[in-house]
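For clarity, chains are labelled A, B and C in written order, and residue numbers in each chain start from 1.
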Amino acid sequence: MKYNWNWGIFFEISPDGVHTYLGSLMFGMVWTLATALSAWIIALAVGSVIGVLRTAPNPWLARFANGYVELFRNIPLLVQMFLWYFVLPEVVPSSIGTWLKQLPNASFYTTVFCLGLYTAARVAEQLRAGILSLRSGQRMAGLAMGLTLPQTYRYVLLPMAYRIILPPLTSEFLNIIKNSAVALTIGLMELTAAARSMQEFSFQVFEAFTGATIIYIVINIIVVNGMRILEKRLSVPGYISLGKPAAAH
Amino acid sequence: MIEIDNVSKWYLDFQVLKGCSTNVAKGEVVIVCGPSGSGKSTLIKCVNGLEPFQKGNITVDGISVGDVKTNLPKLRARVGMVFQHFELFPHMSVLQNLTIGQIKVLGRDEEESRVRAFKLLDRVGLHEFADKFPGNLSGGQQQRVAIARALAMDPIAMLFDEPTSALDPEMINEVLDVMVALAKDGMTMMVVTHEMGFARSVANRVIFMDRGEIVEDAKKDDFFGKPRSERAQLFLSKILHH
Amino acid sequence: MFSDFDWDVILRSLPYLFFDGMRFTLMLTALATAGGIVIGTLLALMRLSSFAPFSIVAGGYVNLMRSMPLVLVIFWIYFLVPYIGQWVTGASRPIQVGALVTCLVTFTIFEAAYFCEIMRAGIQSIPRGQTEAAKAIGMTYWQTMGDVILPQAFRNMIPVLLTQTIVLFQDTSLVYVISVTDFLGAASKIAQRDGRLVEMYLFAAVVYFIVSLGASIMVRRLQRRVAIVR
């Protein structure tokens, strides 16, 4: 295999004239983390509401929540990204559309919303499974004590459900980090995009991708271990959580 | 105290309760027994509205359970319930299990509810377990905590849904002892159970259910003396032979 | 707004979208699923092996693939395969490789990591007694796995494997990043050429939605049937 390795490339100045290539990869990492964390907040909030509605007694609300999950799970993330970025500004009233198009950092906001709402469907699915895995007697015990249904969710069902789904939530969080790479298609300079641009300017393909890969692995290890600590701190005697992180991505 | 009038309930087109009528007076202990699937657990869960019913009427202390205008949480707060599988909240300590309802439903402050909780833990003999979690307790201990949890709300009546049937045999008596003491204190109790020894010692009346119907509703001595229905006789002969 | 929609552009491009684009997407999905399941099953056997080097290598591979974004893997393979081709064929410079081969290699090795985890769960769900019973009648390791354990594990996992295939079907849209003409790529090319982004992307979304939802409804039905039989 004839390839001219040059690991020193990381310390050479990148085309922006100020930072090294290593620096530009680090900027990419920061964008990746900022995008993933912001989207995760949306995913947790929206996903929790949708997940709870799916187990609620009102059939219309449950149907709405099911529809949400089906809609966001059955369209590829990349297509959703295009819908938010290219299509939405065209189909809303033109004043709003223009505002959307002129928004600074539009690709960042688009990605945060798109990834957040996309991942919310998956969080909702996990949360529903977590709630349904609790014995129905737990709900009854909460109600029998005089707690209202929302209170029963707040104090009895959700604290246990979240603990139970912590491992699958961990893999969803890892997914949101990985999925943020899709945003390079709409011009977000996240980690994969930074590696791609380093490759284009320096022609050192494999150094660039190796750098990005190592950063992803390190992030992965940190998140997994962090969640393991959290899991231990939240563990409840006599209960184990639902298996290891799930397969899908 | 509890009036059950002609209550019927269907799951889709399967009728689980067929025109059930009975009542529990203040201070009375009423046992509900019958083969599995007879509807006895469903009936007792109708009393505090955990199971909806389609026909008939149930009132607790004069308040109609089935009425849409009734504030069910408020009513349930006044009726204690003990479940077959204890249903303690596993993520809360024993003490928190006893205080959560007092704080969130009755609006008591933390200190007051702690005092009340410890008084009841004393009563069921589990004072030193206050900071343990349910997962660290035996089944019998969990059920005693569950009874204390229900009592912490100062209920006007207590419902027991097969409180000993999920327990290992050696733990049944510690729970029954607590229930006997409660009955002797004059608590109004409706108890779904197969523990006929318990029924003999504290019950005022015994109700026998089969296939969703109340077949027998008799004074304790009449029931154990000579049940009128064949089905009840058969059931008793099976259960007393163990 | 919708009034100046040009629905005709969709109609005009249907043959291109489906005969070029969708055909590529479906072929990639089918081949990568087949390859991914085969390699994934071998990886699963390695991961469960008591021979430490096997389980360490397989575990490392799976974890590596699962920590990387698919987009990055696509780039890796896109640039790596020509060099590997050069090395294998002994050519003097990196060789040109077709889009289908690049995509196929990428998705097979990437999805193999996920199929591995599914098959591992499937194998572990078979009671230990089955292995012991097979060994007791004198079966070798490969006979035990091939005739007793894997057929059961595979059957139990069919719904999960199919669900993963639907995920793969959606994931193939990412070949957009190396300008391959899959279904989305075809839609995107028309969209750029005719300036009809709204129509083409909406149409693409609808098609993906119908195919994925239809497939997942069928998987759910199958799951119910399998669940009753067992």
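The rule we apply is simple: a contact is a pair of C-beta atoms (placed from the backbone, for glycine too) under 8 Å apart; a residue touches a chain by one contact, two chains touch by 3 or more.
A quick note: this is a predicted structure, and the numbers were derived from the prediction, not measured.
When chain centres are set by their Cα atoms, the one at the greatest distance from chain A is B. Chain nearest the geometric middle of the protein is A, using mean C-alpha positions. The interface with the largest number of contacting C-beta pairs joins chains A-C. Distance between chain centres (mean CA atoms), chain A to chain C: 21 Å. Taking each chain's centre as the mean of its C-alpha atoms, chain B lies 54 Å from chain C. Centre-to-centre separation of chain A and chain B, using mean CA positions: 46 Å. Across the interface of their complex, chain B is touched by residues 135, 137-138, 140-148, 151, 155-156, 159-160, 163, 236-239 of chain A. Those residues of chain B lying in contact with chain A across their complex are 45, 48, 50, 72-81, 83-85, 87-91, 100-101, 104-106, 133-136, 149-150, 153. The touching residues of chain A, counted against chain C in their complex, run 1-3, 70-71, 73-80, 82-83, 86-87, 90-91, 93, 174, 178-182, 184-185, 192, 195-196, 199, 205-206, 209, 212-213, 216-217, 219-221, 247-249.
Interface of chain C with chain A (complex): residues 1-2, 63-64, 66-72, 75-76, 79-80, 83-84, 86-87, 93, 114, 117-118, 121, 160, 163-164, 167, 170-171, 173-174, 176-177, 184, 188, 197-198, 201-202, 204-205, 208-209, 212-213, 216.
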